[in-house]
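Scrolling down, you'll hit the structures one after another.
The following pair of complexes shares a single chain, chain A, combined with chain B in the former and chain C in the latter.
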Partner chain A sequence: MSIIEVNNLTKYYGKARGIEDVSFSVDEGEVYGFIGPNGAGKSTTIRLFLSLIYPTSGEAKIFGKDINQHGVEIRQEIGYLPSEVFYYEGMKVLDLLKYSESFYKKDCTKRMMELAEIMELDLKRKIDDLSYGNKKKVGIVQGLLHSPKLIVLDEPTSGLDPLMQQKFFNLIREENERGATVFFSSHILGEVQKMCNRVAIIKEGTVINIQDIKSLQKDNYKKIRIEAEGLDEKRFSVEGVNNMVKDNGSINFFFKGDINLITKLISEKEVEDVTIEEPTLEEIFMHYYV
Partner chain B sequence: MNIFKHEFKMNFKSTIIWSLSIAVLIFVFMSLFSTIAADADLMNEAIAQMPEELLMAFGMNNVDFASVLGYFSFIFLFCQVCLAIQASNYGISLVSVEEREMTADFLLAKPIARNKILTNKLLAVITNLTITNVVVWISSFVFLNMFRDGREYETKTLVMILLTIVLFQLFFLSVGVVLSLLMKRVRSVTPLSMALAFGMFVVNAFSGMLGDSKLELITPFKHFDPNYISANAAYDTPLVLISVSVILISIVGSYMLYQRRNIHTAV
Partner chain C sequence: MNIFLREIKSNIKSLLIWSGIVLMISTVGFAKFSAYADNPDLLAILDNLPAAMLEAFNLNSFNLTTVTGFYGVMFAYFGLILSISAVMWGSDIISKEERDKTLEFSMSLPVSRGQVVWAKTAAVLFSSIVLALFTWGAIVVNAKQYQPDSKFYEFVALGSLALFIMQMIFLSIGILIACVVKQHKLSGSVAVSLLLGTYFISILSSLSDKLEFLKYFSPFTYFNAADFFRDAKFEPVFVWLSAGIIVIALAAGFFTYSKRDLYI
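Moving on, here comes the complex of A and B:
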């Protein structure tokens, strides 16, 4: 069963584009990545799901129900973690969590306490006094305390230190094993690859590709930079290499295919330096989807 | 009920501060009454020296400083200014505060319909305003009797003046809400609420100065003019009805606008 079903969803802000003709579906139990650069329309899509904004045209269904007609019912089972978290002035962490809990039908106190412990939250502190990372943790707990069937994450890891990120990912994985579907928006390819089964790639308001993670990894381009004297770029003109750029004794290119082929070619020569890294998302967009 | 409680708490401190301030204002002004009333002739003479326009602007023409209610309606104008600012403040920030502080993302992602949110918010803030209202009633009666210096006054007329507070507050509250919803983004509340409250006050002053009866149609300072009520022991009913209509239209409009409002990120 599809948990989320989006059909030709379009949103304009006056004349400015939000998203255009977005269609995709997310299956039950899936961890679905939603990836794209800033301003591509990720938040717009998520805000449409939550009826924070209303679509210009098209439709979306969550749990098989239309988002505009059954918003209240749908939101009973959604846990949402916004990208920016700010909470009410002068409120203590515990007050905020209790306020959050009061909106749900079931009793969530136990789960709330568990989560607060996992995220190492100090419940007695005022939210105003918390650091950005700690506010984010409050956001995580309030978003998950009612054990939602669908978890919507909008760039959740910004501001979290690596240790907390790890805890957070573990938490999301546990929720997923429990049966929750996860919709995960991010502009960091690495974390999406780590977490998700499938990804939709969005750019300038339209979904340009939907892939499962395995094939995305097969498509895994490497960004390679070689520094050496008297380099002849023709040596590296093998299949899978593209966007070769030569400047000042170094060559840069992208490579897709068997990495051993390239390492062999490199090892045949005396080189000063070699870097092999993941291309950034922007580079992927620039080189493969234009 | 949870939203009601939360909203009520958020405004409670400010309600107490406003209520006490107005009570102090009434206390201070009323404590001067016996002195002023004793020298009412002198006072009236001094006032007669001032330009007519200035007096009209402050509702000081035709004020009988020797009568309790004449004096009280003069100071009630200052209470009205405070009440107007308070109610405008609450009205303009009612919904916009959530968008400015990004808490709209928190609240609207919860399983609750928007019109329920608005209803709860409105009821909470009306409760806050009612506390202020009650404090004004009590302090008016207490301080008026404390300082009236043995002079008599008509209780019914005083009650009539104080009864206008409810509609007066609702006017600024509902107009504030609908204004904030007509705007794409409210960056800061105070300048707007000051503009609304003082704007209405100034319009009333001008309509007094120019004798232009069209301007008085829009301002509750004229609709609920305490001088008129104390002088006539009656309301200016058509003007009161204008206030009531503006309140109703603003509230209905607010529900319609809020229902379809796009909540943008605060970036």
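Moving on, here comes the complex of A and C:
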């Protein structure tokens, strides 16, 4: 069964584009990645799911129910973590969580306490006094305390230190194993690759590609930079290398293929420095899709 | 219920401040009255003021040297203060969530927009009732020292009801504006400007008979202290007009807010 079903969903803010003709579906139990650069329409799509804004045309169904007509029922079973969390001033963490809990039909106190302990949350503190990262932790507990059937994450890791990110991903994995479907929006390819089964790539308001993660990884480019004296770029002109740029004693290029081939080539001569990294999403877009 | 209680809690500080203002004005006002009480010199001064000014401040209809007359003149100021508090509460309770960006949290909870607006309306209604009762009490307590007669208390009771209706009108208008205006930064200033605008209309309408039709456009003229002092009741047309404004403003606000995109 499809948990999310989106058909030709379009949203314009006046004349400004939000998203155009977006269609995809997310199966039950899936971790679905939604990836694209800033301003591509990720948050717009999510806000449509939550009925914070209404579509210009097209439709979307969550749990088989239309988002415009059954928003309240749908939100009973959605856990949402926005990229930036803002809560009421002057409330203590515990008060806020209890307030949030009071809207759900089931008793969530036990799960709330469990989550607070996992995220090492100090429940007695005032929310105003919390750092950005700690507010985010409140957001995670608040979003998951009712054991939702669908978890919607909008760039969830910004502001969390690596240790907390790890805990967070473990938590999401556990929720997924329990049966929750996860919709994971991000502009960081690495974390989406780690978590997701399938991924939709959105750019300038339209979904340009839907792929499963394995094939995306096969297609994966590495960004390589080599610094050395008397560097001859012709040496690296092998298959899989492109966009080579020589600049001031260093060469930069993208490589797709067997990484051993390149490391061998690099080690043949003395080099000063080598970096091999994941290209940014923008770079991938530039080289894949333009 | 949870939204209602939270909003009441968050509005307590503001309620205390407005109560403080009301208390100060009634205390200072009645302290000043001690200089006017049974003072024939004051009447002589008032007689020399321009007629238009007397009309604008409702000084023609009341004898400022009696405590009842003094309340009749003060009524307009209480009306202004309570209306400002109401219009600000009304617009703020809706628009603050957009201003503080808490909307993304509160509206992703399983509640409908309608439930949210009604709960918030109920919360500011509660604050307004408390402030109205407090104002009534402050006036009665402060006037006690001048041993007013029973007619005074009846007049103040009727006046307090009039103040409450004015509060309701401006509360609904404030809510309507915040529900309709997408730009949350604007809604507060639009609400207060509208209030001041209608206040000046009320002054204009009293200046000349030709401008009298304007009184239908300003809630400040619906309950003229001189009239309800004389008749011991309100003019029915304005009571109906008030009820109409309140119902239409709330219904329109509710409807628009349920349909519009939220500004995040």
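Worth pointing out:
To be clear about the criterion, the second predicted complex is superposed on the first by the 290 of 290 C-alpha atoms of A that agree within 3 Å, B and C clash if a C-alpha of one lies under 4 Å from a C-alpha of the other, contacts with A are read in each partner's own complex, and residues count from 1 in each chain.
Keep this in mind: a residue touches a chain if its C-beta (ideal position, glycine included) is under 8 Å from a C-beta of that chain, and two chains touch if they have at least 3 such contacts.
Source: prediction; values computed, not measured.
Steric overlap between chain B and chain C is present once the structures are superposed on chain A. By the touch criterion stated above, A:Y132 is placed in contact with neither chain B nor chain C. Applying the stated contact rule after C-alpha superposition, one finds that A:Q76 touches each of chain B and chain C.
The intersection of chain A residues touching chain B with those touching chain C, taken from the two complexes, comprises 13, 47, 50-54, 71-73, 75-76, 78, 80, 82, 84-89, 99-100, 102-104, 142. Touching chain B in their complex are the following residues of chain A: 13, 43, 47, 50-54, 71-76, 78, 80, 82, 84-89, 99-100, 102-104, 142. Those residues of chain A lying in contact with chain C across their complex are 13, 47, 50-54, 71-73, 75-76, 78, 80, 82, 84-90, 99-100, 102-104, 142. By the touch rule above, chain B contacts chain A in their complex via residues 2, 6, 10, 101-106, 108-113, 260, 262-267. Chain C contributes residues 2, 6, 10, 100-105, 107-112, 259, 261-262, 264 to its touches with chain A in the complex.
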